[in-house]
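Look at the two complexes coming up: chain A is in both, with chain B in one and chain C in the other.
After this line comes the complex of A and B, so read on.
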């Protein structure tokens, strides 16, 4: 078949134009804006005032941003361990041949994923964690235990993290199940014939062969951890709190102002976006190095 | 069969996408036919259309009244008001829309703190209309002063739309049950009242975390003055200020005495809703709180309002909470006269009475009578000389959450003394 460069260009150019306008231009503009002071997001570049690293210095000095960064890393590390472990556990159990009703249980575990984060967050807030009438305190009351303030400043972060994990486990479980079901059966049969027990099969065969899947899920989880703005707003409506603030919610307040601090600082908001993007790139490259999949052979 | 199901799913998705992409645009097309038929001469604003960006959500009682007023305005003047209800998103999307030159003739703002951030090119100075109509006599002097003081370029950049105040909203029945016949004024008098309320087995105060910074900010303002509090928020020095230490100590004492309902500070709106359950008697909040509680809990409460307690007459004696949202006319408005008449339709006379009753706020036109739940609020708003910034304690945009966290710990009983609490505040600045 004769190649036609013109034909190829006709197909690629529209896509490139859309990509440039909707992706490259905003990214480049945001990067540039992070070094300037400007009155609004859409102000012409000619009206910007060069500020050098002032915006980045402001972020570095901001206790709220630093706390947001700490919260985000805690969500990624602690939440990641629990989310991925739980979803892997459910996947291993519910991909076993002899489990009755496994399709039903898969659907139940996956169900929170089809409900919006706002609905899940509010359900946890008002029905599970409520100090007077919540599920947990009601059950604790049956055993004579005093009501616990799950949404107090000390426990609120953990409460929010539990709700986030509840919302994502189902989806990651399904991805793991897909990975497990792709493992050839003859490999498992050979291991069984060689006398391997369930634990050995899990640790020596299943987990190594799930490296690629685990890498994918860690990437998804990184995005969830960075973009936990919705959860922050559900658990801390109206005002931001140290226990739930993340860099994106700090950026939101800086970009749009708030009742408490109406002044906006677009350049600093852009700088937060740039920093968060750099953090994601670093984390992703660490994940890629840790989970190299080219050393496996079947 | 599978192809049919796939096709049906695609159609369903397409319908959902089209529905979701629809705007909340509300176009008023109703015209009172009787009036149109009888009128033989063209109306004064025939053919004029004004686009109005409202901060209300379509379908709410206030939004319905605005639509009715727009229909009446069209029948009276021929001017079509194209109301676009943007809800809470208005604040985020409006600056970009105005800057891009979108066709917006009239728009809301949340108050003077938002007004300060506006570009002068967006707002028309309405001073000539004020002078010609005598509108200033009908509304609250403080709010007109706030308009001028916070205007990007001076003048009068809008009109008063939805006045309000923060203060103590109380269940009249619960207060009466405690034998209280007159509301106190000073902190000491309030403590006597709180003790009487506790005797009835009810907690005096509700407190939600969402309003905690404003509540403590007001206590600080009473003890130090709001300019001092703002300065402390920006630069620290809390533990060196006797007033700040005393304010924190008072709250620690209030917590220890059981003045706050069990569980306070709670996640919004759990604590304020306890008033409806008879567990608490009052809450410090804005004008919306009574309607919010009644709607959430399905009860009807006879509300009263009283000013936040004062320390004495020497610190910020003339400062109290009073604010308003405004309506503005765009500098590029195609018919400013029609826009001004539309504004007057909403904020004066019968239109204001109907609108403020629906919005559950005191009237913008002080010659109107307020709803029974807002008894005394018109006189209160007219008496306030300087507006209290309830958020003065968290004026520092870079440590708002951190400061709020320490304040929360005060009400959680973490600190033994006010000095300890203020030292924790100062530690944030290191």
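After this line comes the complex of A and C, so read on.
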């Protein structure tokens, strides 16, 4: 369809302005800042002094950042395995033709996704994990098991991770269900005629054909795992603790919190952002390499 | 062949009852969590600790809600977040739907490039953009809710545009062509013909944006400099910390219930749209 140039321009320019103001300029400035000693956040570029890799070296030496990085990778790997297997399990069950209450169960599994992470996080923190009256300790009590300190230093990380996973499973389940429903019916029928049982169909047909979907979900999960800052804030509201610190909470501490000092400045915070973004890029490209889907495209 | 079907069994008679175990466990957990929190929000601290929550020996304590809502100023955070969510939804639609329309309907230089960029920016972590945005907001010295309204509109634009773009591409251009032949201007065609056809997609993406902004935490925490503009998530963390000093668990649970309520209510009526809307349309690339 032929449209006038003015019309096109008027329709697309606001969107371009948004992209420039919210993404191009901030990303460029953050990249630049990470190589400079910048002073305050509003300091004009002309007052910055070039610092080379000093900012990166400083954060690499910081025990807080290292601990945050370790936690982040633990969240990514352990959490990823659990989140993906759990959502796959629910997806396989809830895409079965004759399952009862299909939509009800799907809606219940999805529910934590729509609730504020702060609200549901506090529900975990103050009810589910509570030592005296918490859900888990109550249920354990029925079986005569001693109460456990879920929020003690040893178990806090695991407790937080469980809450994170709980919040994402429903969404990944729906993405998996979408993938399963795209598998053509006749493939399954042919397998049935050839005598394949339910388990064989799952492992030989469904799972291999979900490779592309799994890749998408791993990418989603990487972004969630890296940005899991809100959970840190809920599980350690007052001070950052080594069991729950992540790189973003380290950045927050530099900018607004206890680590604020004349030597550590905004440039260092920017360097944390850049490092985290690089980590995401590396992980995503490794995933893309490992999960080449072209041979199994539907 | 009959044997095969018998062995396999499940497509004919439904799956093995065992598969309901994880479903029921999840449902029981979710149910217990919501039920207890609601129940305890009407109780008193002493009963919470002694496990007598559901006995209500001293009656229902609605004053916990007053504590959270009025004394702790949850109402103010609630109003702020509602404003952010509504403004972000409207603003994102206003900017994204025209852009999605011309990107799907018109050939011009840079069209493909813009589409690629839109998808690319959706994977940019927030941490990489917040510092300069924070700096700009401080420099412009804007007060109140306006800065966050603008930021929320902007961060919802790429996803909204891509979502609507996919939808525009899936519908026929015939009506629009007919309208153009009948003498509609480009703008009239867009407003009267094209937009009504993507109304379902606009509803879905608006629900998404609304819940997303309502529950947003990170941007709000970093960018709100004005105490009076505090959002629901940030406000809830400070309320919880304040109430913990007196171990006022019932009031904490009341605050949690209030914050969960709008999302759960919206979800009750629109769960299918929300669940299935995000399944395919979203980040297909």
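Just so we're on the same page, the second predicted complex is superposed on the first by the 271 of 298 C-alpha atoms of A that agree within 3 Å, B and C clash if a C-alpha of one lies under 4 Å from a C-alpha of the other, contacts with A are read in each partner's own complex, and residues count from 1 in each chain.
What we mean here is this: a residue touches a chain if its C-beta (ideal position, glycine included) is under 8 Å from a C-beta of that chain, and two chains touch if they have at least 3 such contacts.
In this text, all values refer to a predicted model and were calculated from it rather than measured experimentally.
Partners chain B and chain C, brought together by superposition on chain A, clash. In the superposed pair of complexes, A:237 makes contact with chain B and with chain C alike. Which of chain B and chain C touches more residues of chain A is settled by the count: it is C.
When the two complexes are overlaid on their common chain A, residue A:84 makes contact with neither chain B nor chain C. Of the two partner chains, chain C is the only one that A:99 touches; chain B does not reach it. After overlaying the two complexes on the shared chain, residue contacts for A:165 are found with neither chain B nor chain C.
Shared-chain residue A:271: touches no atom of chain B or chain C.
Residue contacts after overlaying the shared chain place A:180 against neither chain B nor chain C. After overlaying the two complexes on the shared chain, residue contacts for A:132 are found with chain B and with chain C alike.
When the two structures are aligned on the shared chain, A:216 is found in touch with chain C, with no touch to chain B.
Applying the stated contact rule after C-alpha superposition, one finds that A:42 touches each of chain B and chain C.
For the superposition on chain A, the stretches of chain C under consideration are 183-191, 219-227 or 255-263; the one running into chain B is 219-227.
Overlap of the chain B and chain C interfaces on chain A comprises residues 41-42, 126, 132, 237-238, 256.
Looking at the complex, you find that chain A touches chain C at residues 1, 3-5, 7-8, 10-12, 14-16, 18-19, 21-23, 25-27, 29-30, 33, 41-42, 89-90, 93-94, 96-101, 103, 105-112, 114-120, 122-123, 126-128, 132-133, 135, 138, 171, 174-175, 177-178, 192-193, 195-198, 216, 219-220, 223, 226-227, 229-230, 233-234, 237-238, 248, 251-252, 255-256, 266, 269-270, 272-274, 276-277, 280, 284. If you check the complex, the residues on chain C that touch chain A are 1, 4-5, 7-8, 10-11, 13-15, 19-20, 22-23, 26-27, 29-30, 32-33, 36-37, 40, 48-49, 51, 53, 94-96, 98-99, 101-103, 105-106, 108, 114, 117-118, 121, 123-135, 138-139, 151, 153-155, 157-158, 161, 173, 176-177, 180, 186-187, 190, 211, 214-215, 217-218, 221-222, 232-234, 236-237, 240-241, 249, 252-253, 256, 259-260, 263-264, 266-267, 271-272, 274-276, 278-280, 283. By the touch criterion given at the top, residues 91-92, 95-96, 99-100, 110, 113-114, 116-117, 119, 209-213, 262-263, 266-268, 270, 391, 394-402, 404-405, 408-409, 412, 428 of chain B touch chain A in their complex. Remark: chain A residues 39-43, 58, 61-65, 67, 125-126, 129-132, 147, 149, 151-153, 235-243, 245, 253-254, 256-265 touch chain B in the complex.
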